[in-house]
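Note that chain A is present in both complexes that follow, paired respectively with chain B and with chain C.
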Partner chain A sequence: MTSPSERRLRKEFLELIKNPIPGVIIDGEKIEKNINEWNVTIIGAEGTIYQGETFELQFLFNDKYPFDSPSVVFIGKNIPEHSHIYSNGHICLSILSQDWTPALSVGAVCLSIRSMLSSATKKERPPDDLIYTKTCSKNPKKTKWFFHDDNV
Partner chain B sequence: MSTTSDLSVNETLPDSTASIEEEHASTSEIDQTHRSSTQYSFTPTAENSKTSTKPDAAKKDDEDDEDKRDDSMFVCNICLDIAKDSVITFCGHLYCWPCINCWLETKRPQLCPVCKAAISRNQVIPLYGRNSNSQQDPRSKKIPPRPQGQRTEPDNNQGFQGFQNFGDGGFHLSFGIGAFPFGFFASSFNSFNFNDIRPRNGQQPGSPQYEEDQFLSKVFLWVAMIFFCWLILA
Partner chain C sequence: MKIKVKSWTSVAWWKWIANDENCGICRMAFENCCPDCSFAGDDCPLVWGHCSHVFHMHCICKWLNSQLNQQLCPMCRQTWRFNDR
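Entry: the complex of A and B
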């Protein structure tokens, strides 16, 4: 008996295999082992400052998904240098916390992150990167985010 | 004066309407003839093209595809399954009732997951298909009934701010001296009646606090009565 969250994740997984999103690669083998933990590779879009780079995203889902947002962080050595991405991999993106809705999906989040990367014009860390990375919790969902920049 | 003018209008009206109707009739006749001629010339060729270009197998595939597309149109936006106990929001987005109800209960303000329009429990329409075995409102089953509204009376004795401290226990105490001894009576009876009609918030009839209040208010009523009698007799 699979839980509703696993059922929905399986559907999303099958859909992404059937209709892959350009620039987004999912690690199928790992997902088969544990449906609640996804590793997704994002390829920097052509013509942007991240062209040719690859980044790794980690999605962690709890049993309240899709009513509760997944925890999404960049992992690995290459964490994109972006004004909304902290050096520990945490992402300041409204749809990952207060603006999350169950109609969103892994694919939609990947697309949002990819477009957020694509619209950046220069590589820089957020101004409060040092303070935040020292004081924050390991789980980005525990951070109280303030969203101020609607452009990027 | 007025009657004559009315008559004249009545006389002129039928003529004008008749003429308009005639015009309509003539134009529609033209339309009909035009249409019939075009239908006659077009329909056979359309049928021919259908039967000649598409073999039966291809036709079947098309139908299957169409079926799939139709099915995917009725997928719940939350669980990604075909919507069961389906409801539709005013903004036109389809959900299973259990799914959307769960979302409505988890987050405030209540927004449509797809378009973020404001929605609520009463702003969704249940959908009944031809073969749905029950015409029961999906909102009425499976989901625990919503809690009953809790209503608290507003404080309406704003004119007596000074007695608020005494009024908490459900009774009022006032001192009438000199020309206003009746104040006792009025306030005591007021509190007595109030307690009978509508118990204050948190005091259900039967609870120890309620009984205590009842007892206290009766005691004070008697004290007031005795004091009043003493005033008259003295």
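Entry: the complex of A and C
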């Protein structure tokens, strides 16, 4: 018997195959094997400082999804250099923690991250990158995030 | 015993009158039940918020019960208030 969270993820998966989001590529084969773990490739938008770059996002879902937010981090060698993205791949984005709602989805999160990248004008790490990456938990959902800059 | 349906005649059909096709939380069609139910319709009703957004009652209650501080509509983030119609 498929759980409610898996049924919802399967719906999202089919929807993204039917109506793909520009600049967002999902690894369908991997998802078919394990619906609770998605790898998504984000392509830097044309005309932005990330043009020509590709980035890898990892989504992990628990059985409370969509009532509980997924864990979303950048993985691999190329972690975008951005003032809200730590060098360990953790992302400071309010919809991934306190502003999550069950109406959001993988697609909505990808769009939000892509637009966060697109609005950046300078490649830089968060000011507390060194201390944060040394002290944080592996799971970004365990971090108590403070949001101070909504412009980027 | 195997039964083969040769023909059938429908006498009535029903549909929720909502300003959307699917529940924004579980993404199931409103004419289907939420993932926790087996039967659609009166057993798995819809509820409306003051903000005009509609959800399966079970879905929105599950969300509101999981919120500690404030109870917001998942779609528009306004404070959720049930609309008795």
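Quick notes on this one:
In this text, the second predicted complex is superposed on the first by the 152 of 152 C-alpha atoms of A that agree within 3 Å, B and C clash if a C-alpha of one lies under 4 Å from a C-alpha of the other, contacts with A are read in each partner's own complex, and residues count from 1 in each chain.
Assume a contact is a pair of C-beta atoms (placed from the backbone, for glycine too) under 8 Å apart; a residue touches a chain by one contact, two chains touch by 3 or more.
In this text the structure is predicted, and so the values were computed from the model without any measurement.
With chain A as the common reference, chain B cannot sit beside chain C without a clash. After overlaying the two complexes on the shared chain, residue contacts for A:Lys11 are found with chain B and with chain C alike. In the superposition on chain A, contact of A:Arg125 is made with neither chain B nor chain C. Applying the stated contact rule after C-alpha superposition, one finds that A:Phe67 touches each of chain B and chain C.
Of the stretches 5-13, 23-31, 41-49 or 113-121 listed for chain B, only 113-121 runs into chain C once the two complexes are overlaid on chain A. Shared interface residues of chain A, touching chain B in one complex and chain C in the other, are 4, 7-8, 11-12, 64, 66-68, 101-104. Considering their complex, residues 77-81, 93, 99, 102-103, 106-107, 111, 113-114, 116 of chain B touch chain A.
Within the complex formed with chain C, the chain A residues making contact are 4, 7-8, 11-12, 64, 66-68, 99, 101-104. Residues of chain C touching chain A in their complex: 24-28, 34-36, 59, 62-63, 66, 72, 74-75, 77. Interface residues of chain A, counted against chain B in their complex, comprise 4, 7-8, 11-12, 15, 64, 66-68, 101-104.
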